[in-house]
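Got a structure for you, questions after.
Order of writing sets the labels: A, B and C. Residues in every chain begin at 1.
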């Protein structure tokens, strides 16, 4: 079990955004988290990465508790995060965006002199290649198209070579075909790097095509977890979520 | 030293604190509503004092009290106009622009009024003392406290009870929404800024009779203002009020009791507050 | 050798610059050489500030503190502590690094706004302290009698000394600028949260950058003390901090040499016009206003344009 949370709770004042969520994710799994807007999905990711402090509950990653570690430590231990709204370095080029991730990954953050033959350059180009951005290496990230920015977001995160990848609505705002490209890319890289993936998604086709298991959230709680077929046929889920969507 | 001396110092401290509060409120208002930090407030203060000096020699002190702040406010409006392209940009630019304006004002003062320190006399009927509980207190300081009190009350009244104040409060809590309601936010911004500067002008005119009017004071005053605002919280009027009074009285008492050391008190207070509660005594942490 | 020069633009440019500056030293009359010395020193100061402002996007509002740390510790150690020049210099550097570590640690405890205010607060505190502690620091009149290295005591020779010292610092900074460390600093400016989620300990990183920036400012402070043959409270004033920021803005924060150009402009204006016109503050104010509104880029490029960093 690579990640498990125990009774995670997050209160914002009197609003309980996440309510006693206990999840267990196996290594190599692709888990989708679905649910209506406001169900607490993004907040749950925030709690796991400690972007937001849990009100109570614990998080274990690879057997060790990470509940109170600062966000940067959790990130460096191998949990990568793609955000719903891309967090890039807008004033820097595509190349530099990946470069910074690689610098961090390969421990060169405090390297204050640079060698001429930078071995990292090859790694950076490989990553750019694999996410299909090798042609626009010198564009400023802030000027990229939306789809390319999403790719770059994934590229930056993957450059860290995480063990667990958290994706927040990776295909939101892109066309169906581009979404499929993105997910196929993610799945391919995940297999290559033996990644575990948790992704939040609203597009049900994406969910049923790519997920091994699905967790359904509603009003801060996980109301069902199971394989895609089980979830599809689950009455409670249909009423609460799919039913709501239909209406 | 006697009780009367201490009380007199406290009175002077309160009066300087009240004046500082007016200026600090001016910065705080603009900070809350427009997210702009007006580093020129000290320069506007001293300009108010100089204008008071000139008007007093032509008309009288009461006219000076009314006109000087208005003129200063006009300059404030010009400054706000210059600041417009900078809304939403990094605070560095606003800081530098308002500092630039301060420099221009200070130089303008030297050009127009020369480099000598000016003084004016306290108006006659206020230059005596007032007896209270058997002790004598200088009337002018009481006058300052009363006038500042009125202005502060007027400020509160405007905020809480008038339409303009309501617009101010609305902008402070949600600027975008107010814009969406079709209200001319730009105009309100101008008014806000000019009002903040007007407060400085009032402070300058009030203090003119009891200070040596010197353009270099502008920086000193800015020091004090920043100290007070940091202690009280940049965006909090209440914080500015209490911090200004605390600093004013501490300074006044300190200058009497610890003459060597007292100027450090505000700075020490400031650092302590920043280390313990960075958002200021009355501030709210930005989550 | 020539090939290396041609291939590596910055080395070539640097060599030419040093040659030109050396030549100027010989050609110019003493008044201008002295002025140029001051320009070099303040350029170093501004560049040290820009490490934080232009690269990392931090807002140190009281950077003159470090100018003061360097100058005053050097001055006090020499005059009151009776140290010889070189030990005083080394000790001053050491003290300055220690001071910048402490100040940095305390300032970086909160969010960026708090950082700026605390930084300003410390500047105000130290400025007041130095002005008031007359017995120790000479207060307003400062301390006189700071020496220059005996080999370099006249105007021209001291100019070359400063040129050498500043050039070394610039070479060091240049190396730093091209390193992975500086790239990460830019990431900090562009998106601090993303950097955090890439596993970087933001506070530690900022502290290291802060110490480096403070170090170079302290060096500038020591050189300034030698130039003026004394140390004065003006070194640590709020105005000096603001001037530093103005230098970065006017010259352009997003280029390596921008702040140096800004420093040249500010120093020349304030010194020259104060001789002829006396009132330079207003002129400086107008230039700043023009730069901020007109071309926020500064002369050599602002924050959000093509980063030629």
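Throughout what follows, a contact is a pair of C-beta atoms (placed from the backbone, for glycine too) under 8 Å apart; a residue touches a chain by one contact, two chains touch by 3 or more.
Because the structure is a prediction, the values reported are computed rather than measured.
Colleague: Report back the single chain whose CA centre is most distant from the CA centre of chain A.
Modeller: B
Colleague: Which chain is in the middle, if each chain's centre is the mean of its C-alpha atoms?
Modeller: The chain sitting closest to the overall C-alpha centre is C.
Colleague: Tell me, please, which two chains come out on top when C-beta pairs in contact are counted per chain pair.
Modeller: Per chain pair, the contact count peaks at B-C.
Colleague: Distance from the CA centroid of chain B to that of chain C, rounded to the nearest Å?
Modeller: Measuring from centre to centre gives 32 Å for this pair.
Colleague: Can you check how far apart chain A and chain C are, centre to centre, with Cα atoms defining each centre and the answer in Å?
Modeller: Taking the mean C-alpha position of each chain, the two centres sit 42 Å apart.
Colleague: Hey, how far is the Cα centre of chain A from the one of chain B, in Å?
Modeller: 50
Colleague: Give me the residue numbers in chain C that touch at least two other chains, ranges are fine.
Modeller: 303
Colleague: Considering the complex alone, what residue numbers of chain C touch chain B?
Modeller: 53, 59, 61, 106, 109-111, 113-114, 116-118, 120-122, 124-125, 128-129, 131-132, 238-239, 242, 245-246, 249, 279, 281-289, 292-293, 296, 303
Colleague: Which residues, counting only chain C, touch chain A once they are in their complex?
Modeller: The contact residues of chain C facing chain A are 175-176, 178-181, 183-184, 186-187, 189-191, 193-202, 205, 208, 303-304, 306-307.
Colleague: Spell out the residues on chain A that touch chain C in their complex, using ranges where they run on.
Modeller: 49, 51, 70-73, 75-76, 80-81, 87-92, 96, 99-101, 103-105, 108-114, 120, 140, 156, 160
Colleague: Can you check the complex and tell me which residues of chain B touch chain C?
Modeller: Within the complex, chain B touches chain C at residues 82, 85-86, 89-93, 95-97, 99-104, 106-108, 110-111, 219, 222-223, 226-227, 230, 234, 260-261, 263-264, 267-268, 270-271, 274-275, 278-279, 286.
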